[in-house]
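Two complexes are shown next, each including chain A; its partner changes from chain B in the first to chain C in the second.
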Partner chain A sequence: MANRAVPQRPNGQTPGKICQFKLVLLGESSVGKSSLVLRFVKGQFHEYQESTIGAAFLTQTIHLNDVAVKFEIWDTAGQERYHSLAPMYYRGAQAAIVVYDITNQDTFERAKNWVKELQRQATPGIVIALAGNKLDLNTMRSVQTDESQTYAYENGLLFMETSAKTSANVTEIFKAIAEKLPKNETTNTAGQGRRLVESEGANKSLSSCCK
Partner chain B sequence: MNDSGPLSPFDNGCLSYYFDDLSISDRETIAEDVSYTIDSDDSSCSRTACSSIFGSGPDELESETALFSSCSGSITKSNECLIDIDTSIDSTCPNLGKTSECCLVTIGKSIQKNNYIEVKSFDRISTRTIDNEDKIAGSTALILNCRPTQIPAKLPKEQLEHKRLYEKILQNAKKKESEKAKKHKEHLKQKLKNEERLANVTQIWTQEIIPNWHKMCRTKRCRDLWWNGLPSSVRGKVWCLAIGNDLLINEELYKSCVLNSFNKFKDSEATMDCLEYIHLDITRTFPHLGIFQQGGPYFDVLKRILSAYVCLRPDIGYIQGMCFIAAILLLNMEELEAFVCLVNLMESPCLNAFYTVNQRLMTSYFSTYNDLLKHNLNRLNTHFNLIGLTSEMYLVDWIYSVFAKSMNLELASIIWDNFLRDNDQFLFRAALGILRSNESQLMQMDSITCAQYLTKLPESFTSSALLKSTTAIRMSIGKQSFNSLLVNNQAKCTKNSLG
Partner chain C sequence: MSTSTFSKSDEYGFVRPDDFDYAEYEKFMSVYLTVLTKCSMRWSRLLVSNPQLKRNAQLKKIVRKGIPLTLRAQAWTSISGVQKLKDKYGPNLYKRMLNKPINEDIRNIITVDVPRTYPDNIYFHPNSENQKTLFRILCAFAACNPDVGYCQGLNYIAGLLLLVTKNEETCFWLLRVLVENKLPDYYSKTMDGVIVDIEVFSRLVKKKFPEVSQHMNDLEMPWALIATKWFICLFSEVLPIETTLRVWDCLFYEGSKVIFRVGLMLVKYYKKELLECEDIISLAECFKSIIQRPFPLNCHIFIKQMFSDIGSLPMSMINDLRRQVSAERNADKSTYKNRKG
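So, the complex of A and B:
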């Protein structure tokens, strides 16, 4: 009887509040950005994930207590040469996942550069998560957990080691971001900020996430 | 005693006798049968009946239509099924006992409710011949066979009503069958017509146009044929001719580039980086085709072409997206031809601007496109502005891969055909054409859904829809052509960057 977990909502029903956030994925090519998204959104994994050009777009909603958090995911292409297009993609993002490959030190260095750039140029207050992906290749690891953990702590980032292949920590990292995102203010930055969406569920009241 | 409706066959257990002994496959057939016999007026009932036979939830059988059509399609099967029941009747299958009893109750209820099935249908009828001439009438036997002796006779009124309902079912099924047959016939006719047309067109290309390329390529006849897409058998050849070889790339040069790319001591780190990116990207090029994977037939070839390109043009190098361009070329021509085409194609102003990531030029292309979007599709443009969808969100993907990534290859090939016919401006014309023919859907979507939709267009989007809507797109505004719009925008961009 005493089920204290978040009330389960039958499919289709959404709670009164829906908060929408733009989340951008950044990181070196082939670290598994698209695979993380595919795992999170569709629960799938493809050994050969088609390379992304420009950006790919997906959405996924997760429920936190009485709030539905809808992620508008912008999954960007990783190649350094595309770097100058990046501001176009992270403009107005409220959250970012910077991904590196735990078996490749260079990708970690690149991730650090992304973090620096985001902290300097992206939306102020952007929630940044650092994801050390390919945890399934732990035996080939070249970036130590301690190192990334310390770096993340010093820079105020969320940090998790993930595996899109085994799905380890994939939902968790998105959930951690959702928890950290402010859901009670009306700050709407850069024109593409968080939008309030009217409830699609049976509850057609005037509730919105800003109340 | 309240006596509502006819007696159910299940009350006296005659059906359970059958079902207890059925194998899984028999249950499947029976389910089809039952749901066929029970009129689809009460779909939930028949659905329950079927699903309880399969032991699955009612949701798994999605639509009434699907169910009913699959049932009417299996009329032949129903006869076989009866035979199956008969043959399996004496064998025992203890595992199925409980479930089948449950499902019988459900079927029983639904049948009772619908009143359509005749008790006799499940009586022990041994052999039946399948009437090939009239498959539907073949199932008559299922319904009209004699009633088991242990069940009281029907009232005349009831009998008439049952007969009427049965005939109604039969008529519906017949109608459906004939409609299906008609459609199939039309489809075949269309297919045949297309094949004939294709054969004719191919002949014109191979015998008239290709041998006289320079004379013919600008004629109206040739260009009109070209617009509708090239037959795949001449596609590679025509593409080669259309792209040309202004840079005079020959086999010798290609070979030396390939050799250079194998040389491990590269002169620059940038080149090394490019080669690494190429290696990573080959297997991620059209992975669904399964031919560019390591060990696949095109892995080495694609790698050779791209590496050779990097060695020939270290100033451009390799940029993600190029693998798709090279792959499309390779799918239509030989290795050397593909290399020649790749090198020359990369010189086209638009692709060059994008592949050198020249932001000033890219911005002027986007601005030109935006001008044309507003001019051609004002309503959609207003909607896009409202939802915050910028052209870059989908155009980057479209232009870098020349549409190869966001739609099926058949459709992309037709865009390629016309891109090589009309050059750069067709890229933007096609983009507007895609928007135009998907306008009603896009008007309903928010920005991320639009971007998602446009970068992965549905399979239902056809080449005829694309060509039709693209034809309607105007590429000039007043007296300003695409090129003059572009030049204006370039001037504006330069001014902005200086200011």
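So, the complex of A and C:
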């Protein structure tokens, strides 16, 4: 009863700034997109993760110093033919994780195509991270770390090798994205920080980034 | 007390979530059992006297009232026109297709997707007979539909068909009749049909529930994010299982326009709640929670209202919209090409 004057967050922090970002996961089928999200959001891993149809939605918040970064995560279907639906999914996204499977060179090539497409067509300034997933299968690796690292560097991407199974680098990659995302959008007109570019519409204060 | 008379998994083998509302379900079932008994008697009589049912207003009405689980395989086969397909391709098609080689890439995706189809369902555990059967059905389907091959989502449809019909060949034919005769080009390599129909749906919402349409626009929520799965998986894992199957009863008879009706019904019923959502997150959560809500759980009322409360939705209107959207898309494509060229 004594401490009801100051609202406490579950982790004991006092409420600070909250930033909300749309993040989309792209990549070939069965590289582990849904598994990365499931690990990040629920700390779980399923050997047989249901194949995603269309887009699946989840949220997770991480804390960086005094800022709470809330991710609005859209996980997508990977099969090539779903490609034509993708622009509707990544429209307005401020961040993307492009995932490939380190044991499958073809998925890396597909990832490069996604990066190209995002750089050409997605929200300008979108933060893109490249995730080489299935690090637990390191002995079966066919995409070398150096190769991806160089590619990521040349294209201005964040890069990590991850394992949704062991959880290696999963939180880290989301955290790296959160750190790179601009969090001082308060100067943006009508508080439209959530959508960095598309700021049409006036009475949408609740969809703003920082509150 | 009879709070736990239901097992952890339902009769189709789907494991009920921890927060499954048994009380609500029991309340519903106590009434619905009478409905089921009645329709069971009606369908047995119908199918005994005539396995090849004739299309007429009376049959349509009876289909909308629901088909009992034990007679679904037979009834779906009869009302959907499977026999016509069989006459066209010959009755041994399935066996022939099982031996036909298919593209290796397609085979690989199917191999990966089969264990990822309803992994929590007790009848689809790893290396189960059902998984092997599903694999064969999807491969045979790809072999005789090279234009479609395999599209993710078909695994869920075929999987559910298998759970209901418990018969490999029946499942194969019902999958074919759906893809070839009931749904326009949803699973093709460009998925044009589904893209068009999502846009058609968004225009129908705009027409019938303009405030919801406006609200979705304001919050920058494209219908594609929500509705792709509705169209591709035909509400499997979107609606409660019994409701999904009642929708499929109608779908096998009436075709794709049923999907629009279901979608519009959901919008109508949750309109107030959707309008109260203040951001895209609460909007997405609202749609996601539908599967556990009492309204679609009560499949009988849901289906009844879906035909009585949405107003008329003639096929001609849907086809006009489809033509209109396709024409706009083609015009966009050629403008884009010209600009690029």
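A few remarks follow.
Keep in mind that, in the parts below, the second predicted complex is superposed on the first by the 172 of 211 C-alpha atoms of A that agree within 3 Å, B and C clash if a C-alpha of one lies under 4 Å from a C-alpha of the other, contacts with A are read in each partner's own complex, and residues count from 1 in each chain.
Convention: contacts are C-beta pairs under 8 Å (C-beta built on N, C-alpha and C of every residue); 3 or more make two chains touch, one makes a residue touch a chain.
This one's a predicted model, so the numbers in the text were calculated from it and none came from an experiment.
Placing chain B and chain C on a common chain A by superposition gives a clash between them. By the document's definition of touching, both partners, chain B and chain C, reach A:Tyr82. Once chain A of one complex is fitted onto chain A of the other, the partner contacts of A:Ala55 extend to both chain B and chain C. Annotation for chain A, partner touching more residues between chain B and chain C: C. Contacts of A:Glu72 after superposition: both chain B and chain C are touched. Steric collision with chain C, judged by C-alpha atoms after aligning on chain A, is confined to one stretch of chain B among 8-16, 134-142 or 206-214, namely 206-214.
Once the two complexes are overlaid on chain A, the chain A residues touched by chain B in the first and by chain C in the second are 29-30, 46, 48-51, 53-55, 57, 59, 72, 77-79, 81-82, 84-85, 88. Residues of chain A that touch chain C in their complex: 20, 22, 29-30, 46, 48-51, 53-55, 57, 59, 70, 72, 74, 77-79, 81-82, 84-85, 88-89, 91-92, 195, 198, 201, 203-204, 206-207. Per the touch definition, chain B reaches chain A in the complex via residues 273, 277, 280-281, 283-288, 293, 317, 319-321, 323-324, 357, 359, 388, 390, 392-393, 396-397, 400-401, 405, 448-449, 451-452, 455. Interface residues of chain A, counted against chain B in their complex, comprise 29-30, 46, 48-59, 72, 77-82, 84-85, 88, 191-192. Those residues of chain C that touch chain A in the complex are listed here as 109, 112-113, 115-119, 126, 151-153, 155-156, 188-192, 194-195, 218-220, 222, 224-225, 227-229, 232-233, 278-281, 284-285, 288.
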